[in-house]
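Structures are listed in the sections that come next.
Both complexes below contain chain A, partnered by chain B and then by chain C.
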Partner chain A sequence: MIVAHVRGHHTRPEELDEHARASWLGKLDPRAKIVGAVVFAVATALLTRTDLILASLLLAVSFGAMSQVPYRHLVRMYLGALPFILMASVSVFLFSGLERGFDMWARTSSCVITLLVLASGTETYELFSGLRRLKVPKLVSTLLMLTYKYILILGDELARMKTARTARGFKVGRGLFDGRGFRIISYTAGMVFVRASARADNGYEGLRARGFRTDMRQMRTSRLKARDFAFMAWFACLSSLLVILQLGASQ
Partner chain B sequence: MHIPDGLMDPLIAGLGWLEFAVIAAIAIYMSGRRIKDKDLPRIAVLCAGIFVAQMLNFPIGGGTTGHLIGGALFAIMVGPVIAIVGMTVILLIQALMFGDGGLTAFGLNAVNMAIIAPLMGWGVYTMLKPLLSRGEVQPGKTFTAGEAFAIGAGAWASVLIASAACAAELAVSYAISDGAYGIAATVSVPAMLGYHAVIGVGEAIITVGVAAYVLKVAPEMFKSTTSRPVTTMGIKGILSSRIAQATAAILIAFALALPLYFIYSSEGADGLEKTMEDAGVGEPEPLLTSPFTYGEDYFAALFAGILGFVAVALVGLGMMRVLRAGRPAE
Partner chain C sequence: MKVLEVKALSFTYEDGTPALKEIDLTIEEGEKVAVIGPNGAGKSTLLHLVAGFRTPFHGSVRVMEEGLDERTADQVRRHIGLLFQDPDDQIFMPTVEEDVAFGPVNLSLDRVEDRVARALRSTSIEDLAKRKPHRLSHGMKKRVAIAGVLAMEPSLLLLDEPTAGLDPHSRSSLIELLRNMSKTMLIATHDLEAAAEIVDRVVLLNGGVAFDGGLAELMTQDAVLEKAGLEPPQISKLFKRLRGMGYEANILPVTLDQGVAEAVRFADREKGRSRDRKT
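== the complex of A and B ==
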């Protein structure tokens, strides 16, 4: 089983796709979702007024609640990002006061929640396909798709290796001076690369057999529909309103 | 080290995107020319390998753990240009799938972990390798102790400099926004540098271990040492020399950090000048005046920095040569 490497919170990528299928967000064009999320994140990042930041946070939470993505899943992923958010917020609180610290927490949380809803409400390959159609370079989008495929495979391999070494009595040491522990961790990582290399060669043959020529061909060619435009317009209007109110307040 | 949205001042976040866009465009163009279709799955697998290796936590003491960043390892294995593209792909997956690092802050995250980390790691390794990899490889080992030190130093420097860049971005954000964004330098600099100086040791040990293992079992994975012919004549020869490229890699990291200096720099007096002012002591006329200054704009300062770096590097190499000339021949 693959685990999210981020700060120890456990999330299977397959699990993300399950939520995407359950959510109405999954039916929207990924381009609309990416553009909407980016516009909202940029607008929120510009806010410094507490009431507007709170409004943005409320919108993000409402978006999460309406998305039909299980709230437990969103909370678990949010908790993974929380330590860094709290470090920043507490630092600002100590140096600039409670209100600034609160603003920092709310603003960052608003953006993180929106991004998590986007990630959870979109199937992974749809997301990459959306990036491709938003003119992300072919090399990057092809590598994204191939890398994700291999992450699932290698994650399983790593889990098996971890199980094997635990069965042999391996325990993570207490510090940097645990030479044996570090050697085992290094060799485990090294073995991941070596097994990965062997798989790449086999993978290439398979890809060639399916007609791969330096580029993952685009199988999805859907057009933006009225609901996609409505989604983008909704985010654009809300984001514009927040920015206009912010700029009006600062003049 | 993944910066979320809303933490950075919009100006600094925009600057990060601008720097990332320029470097990434160059790296993608250069990679596109070098990568053949059969290399793509191999590079994707390396990206996946680095991503998965990042899941391996190692102990750093006090009950806390760190994890591999992998920028130096990637660059040492396939070269810095492809490593920049590969690390960008890893960061994109982390940001889009796990919300680890924001969209507006993606430029800064990519500058720190996908550009500075591989460039510094590869630059330091490439500069130190010819100086340290003398002597014979011990039986059962894959490289000399000196070469292992060069790999470790590259990995450590990659983590430390990337974290220093992150700390500087946080500090400058805090300073220019009057505390609305970022983290104060008094918190961000010691916290980031202190923590990552220790994590860097773990990164160095694991990078050396992984490199030793992979070199022993699958040496063909180290493409950076075998894939390019070496030209020895003229300007092309100088540009294709590893030392010149390593120097360029380190200078690019310096050039990326310079805008932050201009945003943050103060017109006020430094510590000594302030003390002299307070004591009523004037600065006497200098005996000699240098034809160079630190520069008033970005390119002048960049030129001064490059000049200073090359001068220090030449003096250092000259001293090494003098010391080596004094030793008896092996």
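== the complex of A and C ==
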């Protein structure tokens, strides 16, 4: 995201939350979504039979299709993660053969797609507060929240610098051989970090001024509803079924 | 009761640049004071020092009779509500309501929902409670930031350039809001016209404290103003010119209301004179 931003094409990070508001997933308790998605991802990671892995991938894709998160957004995010998935799959393929490499790609893709749908179908702060309420150490959840805030600040600064750059006639060149363009993009990136760091310091003082120590606490806490239990039960059933079939095949 | 007592306060930045020198300042309960001065005079630094964000310093700072140092900064900050110049530095949570509740929840204060409702009401943003703060205008963000500070019910409000970057309408409605607020305030500002509307007393920083008193009195001290590079409010400039034309005001107006009162007095005096001439 940051690289795209520096080059001048940016999606404001908070716009990512728009999909969460559009999706029915956004109405579920974040804890239910996290538990459901993680159980499914763990079950998928345990699979070794190709047909079951493909079934898991199909389930993940169906989950994405039903989630009402725009498929273009999911595809774009998946393409962002694809190089890492391919890196793992190709190394397995080189050492253990085509079938294992394919299994690795399908298994990893299934987990990644499920987690992408979870991330896109949940507002970022909700996701962090869900983690916090699932007893993830407060240091971890607070660091995640502060990192997210810092990314928002970076995005803001990048947008400002992009506007200032464009207003004075700068256009991104056509590749790495555009020396001047490359130099300006490097300056932009450097300056963005300097400015964002100063703003992050102010932001931290802003938090401390209102009593923040190390824990990001919320005004209200919700209770799990029937639909949340239904969501978790659905994922637990699917995951159990996959694991049982896998164990049955191993015996 | 003394809400703030600053004695012989000096502070130098890490790079050796002096920021404040031998500052003495006392603010009583209910008083509204503006800190004015040229760029780099140390106005914001003074606010951040009082809020316990800049340590160590020389001299003493007491807030609600509690001494401020590195150890007590968190405790002293409970008495203080600091409004940052840029509301984006302050607003953190995903909805307005949650952001306003952020301070009270962190400080484990009681009746959080009541506090939030009151703060939203007093800043006239009840209808924004469920909105995303980053989608609001700068003026509205300022109000959200003020509500966030008010919800903590601090004894002392520190406001850093509250009118900076606001359009005329937002500016005047914010001035109105601050003027009607019965809180002890210390405001760092360049905006003398806003200061004239809100505060009873100004402290001019230029090196040390170059002036401490009423704004109208400061406006008569041309040498002090010139040395500090300050521009009087337009209404004061107008009456200074009128003085050159023989119209001597009782006090040099610094607000529009005072200006209108003086203009009415001039008009009455002129009417009396023309009546005398006729008789």
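Operating definition for what follows: the second predicted complex is superposed on the first by the 178 of 251 C-alpha atoms of A that agree within 3 Å, B and C clash if a C-alpha of one lies under 4 Å from a C-alpha of the other, contacts with A are read in each partner's own complex, and residues count from 1 in each chain.
FYI, contacts are C-beta pairs under 8 Å (C-beta built on N, C-alpha and C of every residue); 3 or more make two chains touch, one makes a residue touch a chain.
This one's a predicted model, so the numbers in the text were calculated from it and none came from an experiment.
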| message | Quick check for you: in the superposed arrangement, does A:P137 touch first (chain B), second (chain C), both or neither? | response | first
| query | Can A:G203 be said to touch chain B (first), chain C (second), both, or neither? | reply | both
| On chain A, which partner's contacts cover more residues, chain B's or chain C's? | B
| message | Under the stated touch criterion, which partner chain does A:Y125 make contact with: chain B (first), chain C (second), both, or neither? | response | second
| task | Answer with first, second, both or neither: which of chain B and chain C does A:L46 touch in the superposed model? | result | first
| said: Once chain A of both complexes is superposed, is A:P83 in touch with chain B (first), chain C (second), both, or neither? | reply: neither
| said: Tell me the contact category for A:S91 with respect to chain B and chain C: first, second, both or neither. | reply: first
| remark: Where chain B and chain C land on the same part of chain A: residues 124, 149, 199, 203, 207, 212-213
| query | Where on chain A is chain C touching in the complex? | reply | 14, 17, 123-126, 149, 152, 156, 199, 202-203, 205-213, 217-219
| note | Listed in rising order, the residues of chain A that touch chain B in the complex are 2-6, 8, 11, 13, 16, 37-38, 41-42, 44-46, 48, 77-78, 80-81, 84-85, 87-88, 91-92, 94-96, 100, 103-104, 107-112, 115-116, 118-119, 124, 127, 131, 137, 139-140, 142-144, 146-151, 153-155, 157-158, 172-176, 178, 181-183, 185-194, 196-197, 199-201, 203-204, 207, 212-214
| Across the complex, what residues on chain B touch chain A? | 2-8, 10, 13, 28, 31-32, 35-38, 40-49, 51-62, 65, 67-68, 85-86, 88-90, 92-100, 102-104, 170, 174, 177-184, 186-188, 191, 198, 201-202, 205-206, 208-210, 212-214, 217-218, 220-221
| query | Can you list the residues on chain C that touch chain A in the complex? | reply | 48, 51, 53, 74, 77-78, 80-82, 84, 86, 88-94, 97-98, 101-103, 105-107, 112-113, 116, 132, 134, 148-149, 152
